Amino acid sequence: MKKFLSIVLICLALGGVVFAQAKKGPTLRNRDPDTLVFVLAAAPQPLDPNIYTTLNEAQIMREINETLIGMKSDNTFYPILAETIPTIQNGLVSKDGSVYTIKLRKGVKFHNGNPFTADDVVFSFNRILHHPKSSSKSMFSAVLSVVKVDDYTVKITFGKLKDPEYATVALTSWEDRAKYMTASPYGPALNILAHYCSGIEDKETVEAAGADYGTKIVVGTGPYKFVSWPNPQEVQLTRNEAWWGDANTVAFKNIVFRAMSEQPQVNNVLITGEVDMAFNLSKLDIGNLERNGLVITTKPGVTIWYGVFNMNSDLVGQKKNGKLDLSGQYTEGDSTHLRRAIFYSINPVPFIKQVDIFNGYAVPANQMMQPGFLGYVEGAPAGTPFAEFNEKTWYYNKEKAKAEFAMLSPEFRAKLGPESVTLVVGNVTDRVKIANNIKDQVKTTLGFDLIKVVPMVNAQIIQQSKTGDGYDMVVTAWFTPTMDPDYTCIIYGGDSIGTGMNGALYNNDIVNKNIQIGRYSLDRKTREEAYIKVQTQLMTDKPYFPMVYENVLFASHPRVGNLDQAIFKTKLVDIHLLTRLQ
Amino acid sequence: MPALFIGGAGMLSNADIAFVPDQYFRKGSVMFRYIMRRILMLIPVLLGVTFIVFSLMYITPSDPAQMMLGANASPAAYKQMREDMGLDAPFIVQYGRFLFGYKHPVFGYKGLLFGDLGRSYVSNRIIFELILSSFPNTLILSVGALILALLLGIPIGIISATKPYSVADMVFTVFALLGASMPVFWIAMVLIYTFANNLRIFPAIANPRDFLSLVLPIITLSMNSMAIIMRMTRSSMLDVMQQDYIRTARVKGMDEKTVVFKHALRNALIPVVTVAGLQFGSLLGGAVLTEKIFSYPGLGSIMVDAIFQKDTPQILGSVCFVAITFTVINLAVDILYGFIDPRIKSTFSTKKKLVRGNQ
Amino acid sequence: MSNQTFLRFFKRQSKNISQFWRQFSRNKLAVASLILVLIFALIAIFADVLYSYDFVTSNSLENALLKPGETGTVYFQEKDIEHTFILGSDNYGRDILGRLVHGARISMIIGFVTVAMAVVIGGILGAIAGYKGGLFDTIIMRLTDIILSIPTILMSIAIVAALGNSFFNLLIAISTSLIPGYIRIVRASIISIKDQEYVEAARVIGAGDFRIVLKHILPNITSPIIVQSTLNVGSSILSASWLSFLGLGILPPKPEWGNMLSEAREFIQYAPHLLFAPGIAILLTVLAYNIIGDGLRDALDPKLRR
Amino acid sequence: MDKILEIKDLHVHYYSNRRTVRAVNNLSLDMQRGRVLGLVGETGAGKTTLALSILNMISAPQGKIISGSIRFDNTDILGMSNQELRELRGKDIAMIFQDPMTALNPVLTIGEQIAETIFKHEKVSKAEAWSKAEEMLETVGIPGVRAREYPHQFSGGMKQRVVIALSLACNPRLLLADEPTTALDVTIQAQVLDLMRGLIKTNNTSVLFITHSLGLVVENCDEVATMYAGEVVEYGTVKQVFGNPLHPYTKGLLGSLPDYSEGSPRLRPIPGLMPDPTNLPKGCYFSPRCPNVMPQCHELHPENSSIEVHLVKCHQYQENLHVEQSI
């Protein structure tokens, strides 16, 4: 019995140790103070900006490879490798708005000492557009040609397909582009030139390195240079003392990027001070991070969480005699009513508050466009479909939902069994949680368990979205790295049916026409009007339900400063802008 | 390794021994032939492994072509990419390419039979290079865990066996089994929370170059093996302590320490060696979760990522590598076994008795 | 005839049972574990009586993250109910105790079904390999080697990733890795027994294969299979939990201990009670099965019998 | 003659699951120095338990010596400390087990196993112990060079020779031979026994020779004791017991031996089985099987009756000590 008691005591003591709270802030124990440790959400792909595009390597590459034009955190452009921002006013953009003449900064050298010239620019754009592995082809598809004028001048011409039919042709060379495209002004031209994928690479090095470029050999002109990549989860950079900018303003001598996929673990290592900065935290316990002395930075982001109603679905779609019917004026059938019933049953505000989903770091979305972008409709102006929107309850309206549900024909109603509407969602915890919340809200509002949540691998969702088979609804998110509305329009443009991005198979001529206007015009006013028309039409047809705009959220070690300038809405950080406070 | 091997280990090991040929060690050449036979036997096994893994990967709904293209790729570009990657070919053609090679300027490789699977779809690194660079890290973790498991498991097993059903036995059994009864990630979380967050003794990120940071992952990983080794030691020890030669030793007037450590332990450890070998194999494959939690750069996390990303060449290469390692370790254990146990010849010539004896 | 053979088989077994029980009950820990498992089994069987399934799977966000013992108002089936959350509530305001109770059912199903599948498939394959020998044996044993050379975790991940995330696929994934163990046990026993004189004798007097298997081989393999199965029930429950950790297990809102634990891991600092309830449930169950398995092994192993 | 071993009123019980196995009951037995005492009885009569009790090796918690005394050369074995016992075992009292196949540790060389005993009990260096071990092997007819071999490299008879060498390595005063030849085939048996006899003679070792073979007793022993259900029911010289068996059980044992003399009746086995040691009958333990059973046999447990040095535990002789003379 004594033995037994002693065991119990040992257990209690162990338990005590587990919950012993030692309130210490993050330290720098065993760590080089000159090194900034930055957490990435997953192992980065090769550091080859022309080819790889995910956020993880983008964060690293933007410190190594510079773009011609940059965008500040307030969305204004500034020249990096270009000497000036080309505009029609300064004559560097042709009158028709299609040709951009870029004067390159002189005296810039790559990390290995090679000079930066127009050849490198032409080479880089060629890789973006024509390398078989390139993943940013579509983002840069409006580039018609990039031509070297002299060593320090290039001409970039934008354009569009001569005929939309040519969309089925894969353009694999400049010749193809010249053959199938015609010059045209391009609205987001500066945005894509400022996008990290157009980071300029050294032609000579890339050609010599072959397939090893990006993993073993990485060269750029930026403030940091590549040191080593000892394992897939860790990349080390060091300050480029020969940077054309002022290397003395770069506060941290070294950067270590570490991939960590376990979010609770990210919080742990932030608290212990093993890392300096992270965005893929567990949002749940931000309070605990703050109590432990970490600095939380949050700002509105460019991620929109939204739901999709499949227009091709018999239950919630918009079909007439078996064909899509979205010509602007459509007959309201049973599926229209059910779609609206579901729409009005949803209320994203609770999941914004919910600690394990957004935990308050998001705002309700009133439309399918991110705030601050051209064409974004502020608030809930009367006389528009946005008038129903309310910051507190979103578009949620129990009476309306029930009324729409009551309008269903008895035959249609009889067809609806429990869990008959399939809601497909990416196989990621957060998304499944949101989908389950929606299921629950519809059940509570309509008093009928209508929705079945089916988690799927993302690729499978994209595959099904190409044809619109096998699902009625999708919950997903969109992220606009170019900071231009045109890129958000991909998700509802008729021309992206078949790419899997337009999961609703929404194909409304008014919308399509205005997207085209916005895309191929340089005039702000024209573009803005076009995009407002797009949004108004979208919220009338309701093929989508915008849920929330997710904030960008960073936690950082108290020694890291100038966070507001350095952190972007795109979740990227200009690490060379950070300062050291301790 | 997760708990899947618990308990089975003892039985598996003996069944394993049973197919060792009778003439083991009788002549040097027999031994050599035996090793050659085991290596030859590896070939159908490896082919089977690749076939099963390839089939599983083939039906996995992920799409590397889509992933490579990024968002909003035009259908034309997508079709082009699938063609380039060879993903549009029928199943058997694709499998054949993995074995015998695929010709393409960007995605081509010589084939598994020629030791080249090209580059990973995701990381664009040469597959075997990545495996070879990350394998030592996993090895460090596994060897550390095995050593810890042996250091703790064997003494606890001995103590439990010398006093079976006593309070000490029960306490030790429960403590050892606790480790094997908790989900690995839970152990890891509690360890991190306690020792990294609150006590600040060990870091929460593991790094192969820093011994201190390896402590928590090694403890986490070794829990399960420790329980298995402890139980194997205990039951083997219990068995041995019943043997006549132990009584002989006592009758000779040997003190209890000599009886336990000289006479009993040496016999009891023979099956433990086999189990330790099997455990080592499973630790190598089983470091996956530990690596993931401690964001440790090992082969395990590469393999899991490869499965999720449908990085078929990477996963095929890695699994083959692990299978070969696993076989080599088992072979080494079998050979080692012969050196430890002088009876090996007679044991194998009466293999039926051995198998029956263990049921 | 077969009926009679069965009867005789069980008669003989029942004689052994009292002897076995005497041996087993010496291990107090194992007896305690057995009682615990039986209690959990009862809870699993009567889960619906204790808590309604709809209740434990419906969200009620206003009651989210209540501490153990707190009371809240739940809107359930069109009316408000006063409810005391004995073990608190999770991030969706669902009763943790209720979810544990229903989780017990799912965990038990996972444990037993995976093992049953593995025993049947492994047993049949092992019997064919051992009894028929020759080509059958070679093929089946190579298959076993193949499965054993793929790390268990990866095999399970790959199966779930390939077949999709469903309850049945989870069962397949877990039980695949258990099968080789049974093939080997059964095969080894059969090989060791089939040439024994008494089996030869039985064959000489014209006993059929079925009868031989039932009368001579089955009794010899039941003990190791029972031991192995008991241990595997625990390990299956664990496997399900780490598959949940990787996002491949049973998905919420279905209450399964593994996914409860996996979801709760974010709450270790914020609401530890979320983490401890399912953690301890898994721990106790798996521990109990392991101890029972060890106890069975000791009790069924004639070598250790005194 | 002086007694090397005196056992008085020994009770040994084993426990399993609330049941008590009464393995040795009220056993008294004396052994003379330099003599060979045969102990015969059926399997389960408690012979091996007795031998282990003499070494005080009944291990708790399963078994326990309840009462009685065992005096070896006038020292009380049961009162000895563990340390004293370890010095006694192997040196003063050695034991040979039934099965040579399992009595030797398979992972140690036989030389090691013998030398270890010598090193433990005699003040010699390891090298001396080793050479003495080789000598011992030579004595039992095994070349000394084979000391470096492992038990599995020897045949059964050779192993038993090794065991004998092992047990006689320290010149014990008392040797407990527990069915030393049962596991061997007949020709080997004879060789091993010859060897044992010779060694015992030269060393003047007293031997407790446990067997169930009456033939071996006649050949090898000076005295004989018959054991039944944990007690000695008859004791005397070989001549006395075999020439004139008194106890019905001994008679039965002798009767169950095949007799090849002409006109002898057929083999007569003793009917019935040994009583359950957890549930011994009241009165005489042999009463359920006894052909000459009397009413008091079921009630009273018989005491020793002595006819000179010929002891017997039977009511027949207690009633009338002279009855046997009339038989």
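The first chain written gets the first letter, and so on, giving A, B, C and D; residue counts start at 1 in each chain.
Here is the rule we go by: a contact is a pair of C-beta atoms (placed from the backbone, for glycine too) under 8 Å apart; a residue touches a chain by one contact, two chains touch by 3 or more.
Note that this is a predicted model, so its numbers are computed, not measured.
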{"item": "Central subunit by CA centre of mass proxy", "value": "B"}
{"item": "Of A-C and B-C, pair with higher C-beta contact tally", "value": "B-C"}
{"item": "Intercentroid distance (Cα basis), chain C paired with chain B, Å", "value": "23"}
{"item": "Separation of chain A from chain C, taking each centre as the mean of its C-alpha atoms, in whole Å", "value": "43"}
{"item": "Averaged-CA centre spacing for the pair chain D and chain B, given as whole angstrom", "value": "52"}
{"item": "Mean-CA-position distance for chain D and chain A (Å)", "value": "90"}
{"item": "Shared interface positions of chain D, touching two or more other chains", "value": "none"}
{"item": "Sites on chain A at which at least two other chains make contact", "value": "19, 264, 457"}
{"item": "Numbers and ranges of chain C residues touching at least 2 other chains", "value": "26, 161, 265, 268-269, 306"}
{"item": "List of chain D residues in touch with chain B within their complex", "value": "55, 57, 85-91, 94-95, 97, 99, 102-108, 116-117, 120-121, 150, 152, 163, 166"}
{"item": "Contacting residues of chain C [partner chain A, same complex]", "value": "58-59, 61, 64-65, 75, 78, 91, 161, 165, 247, 251-253, 263, 265-270, 272"}
{"item": "Touching residues (chain side chain B, partner chain D) in the complex", "value": "243-245, 247-255, 258, 262-263, 266-267, 270, 340-343, 345-346"}
{"item": "Of all residues in chain C, those that touch chain B in their complex", "value": "26-29, 142-143, 145-154, 157-159, 161-164, 177-178, 180-181, 184-185, 187-189, 191-193, 195, 220-221, 223-224, 227-228, 230-232, 234-235, 238-239, 241-242, 245-246, 258, 261-262, 265, 268-269, 275, 279, 282-283, 286-287, 290-291, 293-294, 297-298, 301, 303-304, 306"}
{"item": "Chain C-touching residues of chain A, taken from the complex the two chains share", "value": "19, 263-264, 267, 282, 284-285, 288, 350, 353-356, 427-429, 432-433, 436-437, 440, 443-444, 447, 455, 457"}
